[in-house]
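There's a structure below that I have some questions on.
Chain lettering (A, B and C) follows the sequence in which the chains are written, and residue indices restart at 1 in each chain.
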Amino acid sequence: MADMPIAAPGPQTSSAAMIRTLGLVATVCGILLVLTYQGTLEAITANKRIALERAVFKVLPGAAGMREFYASPAGVVPAAGPVPEGAVKFYATYDKAGALTGVAAEAAAVGYADFVRILYAYDPARQVITGIGVVSHRETPGIGDKILTDKAFLANFAALDVRLAEDMKGLAHAVKTVKHGSKQSPWEIDAISGATVTSKAVGRGINDSAQRLLPLLVPNLDKLRSP
Amino acid sequence: MAIPGQKELTALENFMEGVWKQNPIFVMVLGMCPTLAVTVSAVNALAMGVATTFVLVCSALLVSLMRRIVPKEVRIATYIVIIATFVTIVDYLIAAISLALYEALGAFIQLIVVNCIILGRAEAHASKHPPAWAASNALGMGIGFAVALFALGAVREILGAGKLFGIALFGPDFQPWVVMVLPPGGFFVLGMWLLLFNWLRTRSPAAGAMKPVEGHGHG
Amino acid sequence: MTKSNFQLELRTSPHVKRGVSVERIMLHVVLALLPVAAFSVFQYGLSALALLLTTTATCLLAERGINRMAGRESTLGDWSAAITGLLLGLTLPPSFPLWMAAVAGLAAIGLGKALFGGIGFNVFNPALVGRAFVQAAFPVAITTWVPAFSAERFMGFIPTTFTAPLMTPPDITAWAKQAVDGFTGATPLARWKFETYFTPAQDFISGAATASAGESTAVLILLGGLYLAARRFLDWRIPVAVLGSAALVAWAFQLYDPARYPEPLFVILSGGLMLGAVFMATDMATSPVTPKGVWIYGALIGVVTVMIRYFGGLTEGVMYAILIGNACVPLIDQYTQPRVFGAQRGKA
């Protein structure tokens, strides 16, 4: 059809015929789409839920249940309702008896290639970060992806100090990634030798997220305990 | 419904066209974007191949069914709507089957819509042939595409991670070739496969492009 | 047509008076490289010898195999594959596992040379293409360093040398520490970048500085270069332009902040700049043919090297600088064509 000479066009197609055809195609496709959407919605939601729970439970082991919240200047509300202005999403986990076991939130910063997205666990009682898990990254295999496996690096997050300052407006000490082998304070992260850029991205992401979330969250911890 | 001046193909030749003689990757070198981007592992490559095959076959079928009522002025718009629909369907299906796979393939599922193989087949083949012929030709194309993606993905996964389908082949001490899972590795491996195919082609002069029967032996 | 020995030199006047064949030039380059290779073996022992033999043998075998597959005449006699292999070995760390060195050799001849059509048609220096391939494939092994002059270097091999093919080399940090006291495992460039430690110049002359197999022998490299330049087998302008521009940029930075930036001598002696400037940037097939172009090309390599070292993620940038310079050669040649005598500007 494409090879036909343009000089000899067939009879002009009427606009009505074009609209009819396009309308028919759009209707057929629309029905197909709606059917697929409805058919797969449940499975997709369940999949996302399972993936999220798995990620959260990995950084907060021992939890039995989990709920999503928004923290905003207006207070802490469950994530089911409308999103308040300036809200930060986080997850609270509970044990079998329903007691609060920890809080997890997402952090992201640009690494060597694209964003490094991680999930960190926060212990409200001790005001420390107790673990991290990587959600997604595109760092160089063999170098940047050591943030997933390097034991010495992960040990930084056994009890990373994120205490709030006196005025409750920010962290007492900003979380900072320092050169390999020079960690001195509990709020510093010892970088992986040879993967400094990625290590710094993790530190920066945690600092940005904690500086925003914790001042909103800490005064409202009671709301998590008595849902 | 053959194009004038072209000899009538048998049903098998019609199907095998995409698998061997007109293989979308190794012969036509089309659809390079997903080819290079998602073939870091055999599973990703196969999933991409299956998803593309699904879109190819379904859109060929629908385009072929509607070929008599689609005015030529709006045919491209019609094809795009049909292709986009099936791409969206495949997008939902993959997310429902496995979220991990869905995230590994990323934007490349949605980008199937701009894969020139699909629009090319709709325009050049499906719109001129009855549904059964269009679908079987599209299936052949899809299989050819999937096999080629798998050929790339397997080599890149074996060298880049020492695994095939996630199963370690060489034990824990294997040294991964980092370059193979990076973009340059995709180009290197594709180049090597093209070299091999062209070498095979030139070695047997009888196996020229005009003899589709030759495909049976290899396909 | 009978095969003539006379070679046309693509240069403006003065022209060479006597025909010099490719084979003769290449043979002399091999001779000039031999002292560098010998000193490297003296520094690092049996492992360096095995490394150089492996890269050279792989390059020769690959050249032969590809020629045979393509149905071409054997080109081993022109010595160019041997030079590629020898140079490649000299740019690799002495501890580099032999199987990886073989991969590098295959990539050098296959990707860097044969794909473009063989000798004279390659766009990039084949040895550096091979090194760039293994740098991308095995980033850890290619930055694992061992000390020079360990006491037992002629008694045995470095533990990583005979790593089984496809396997990860063992960790040799402990081995390197016991072989030579006080060994840090970092090159002078890395120590400068991360610790602002300035390695003294005599370390580069004596070969004590941690480096690739053939990089820390500045005097021998310079002597080889002088010999080739004196016999007119290499264009002296290229190394002068590379080293001069690098030194100039380094000098400007040192004026700006002497505590942070090293002196020009450190910049031209450290890493692979000397080896690259004398033996790799001067490759005839991949450098410009116009006199003005040669200066531009050399200066580009020198400046890019210093920029990568000072501001890049890597500690060393000579390899990428020369590859970038190679890529610019056609452009440089096109814009520096000398005017034909009597012709007017703008009227070609």
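The criterion applied here is as follows: a contact is a pair of C-beta atoms (placed from the backbone, for glycine too) under 8 Å apart; a residue touches a chain by one contact, two chains touch by 3 or more.
Computed from a predicted model, the values in this text were never measured in an experiment.
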item: Per Cα centroids, the chain farthest from chain A; value: C
item: Top chain pair, ranked by number of contacting C-beta pairs; value: A-B
item: Approximate Å spacing (C-alpha centroids) for the pair chain A, chain C; value: 46
item: Whole-Å gap separating chain A and chain B, where each centre is the average of the chain's CA atoms; value: 34
item: Computed distance of Cα centres, chain C from chain B, in Å; value: 42
item: Two or more partner chains touched - positions in chain B; value: 178, 182
item: Chain C residues counted as touching two or more neighbouring chains; value: 139
item: Multi-chain contact sites of chain A, meaning residues that touch two or more partners; value: 140, 142-143
item: Parts of chain B lying in touch with chain C, wherever the complex brings them together; value: 162, 170, 173-175, 177-180, 182, 184, 188, 199
item: Contacting residues of chain B [partner chain A, same complex]; value: 62, 66, 69-74, 77-78, 81-82, 84-86, 88-89, 92-93, 95-100, 103, 123-124, 127-128, 160-161, 176, 178, 181-182
item: Complex contact set, residues of chain A against chain C; value: 112, 140, 142-143, 179, 194, 197
item: Residues of chain C touching chain A in the complex; value: 139-140, 143, 194, 313
item: Residues on chain C engaged by chain B in the complex (per definition of touch); value: 69, 100, 111, 133, 136-139, 141, 163-164, 166-169
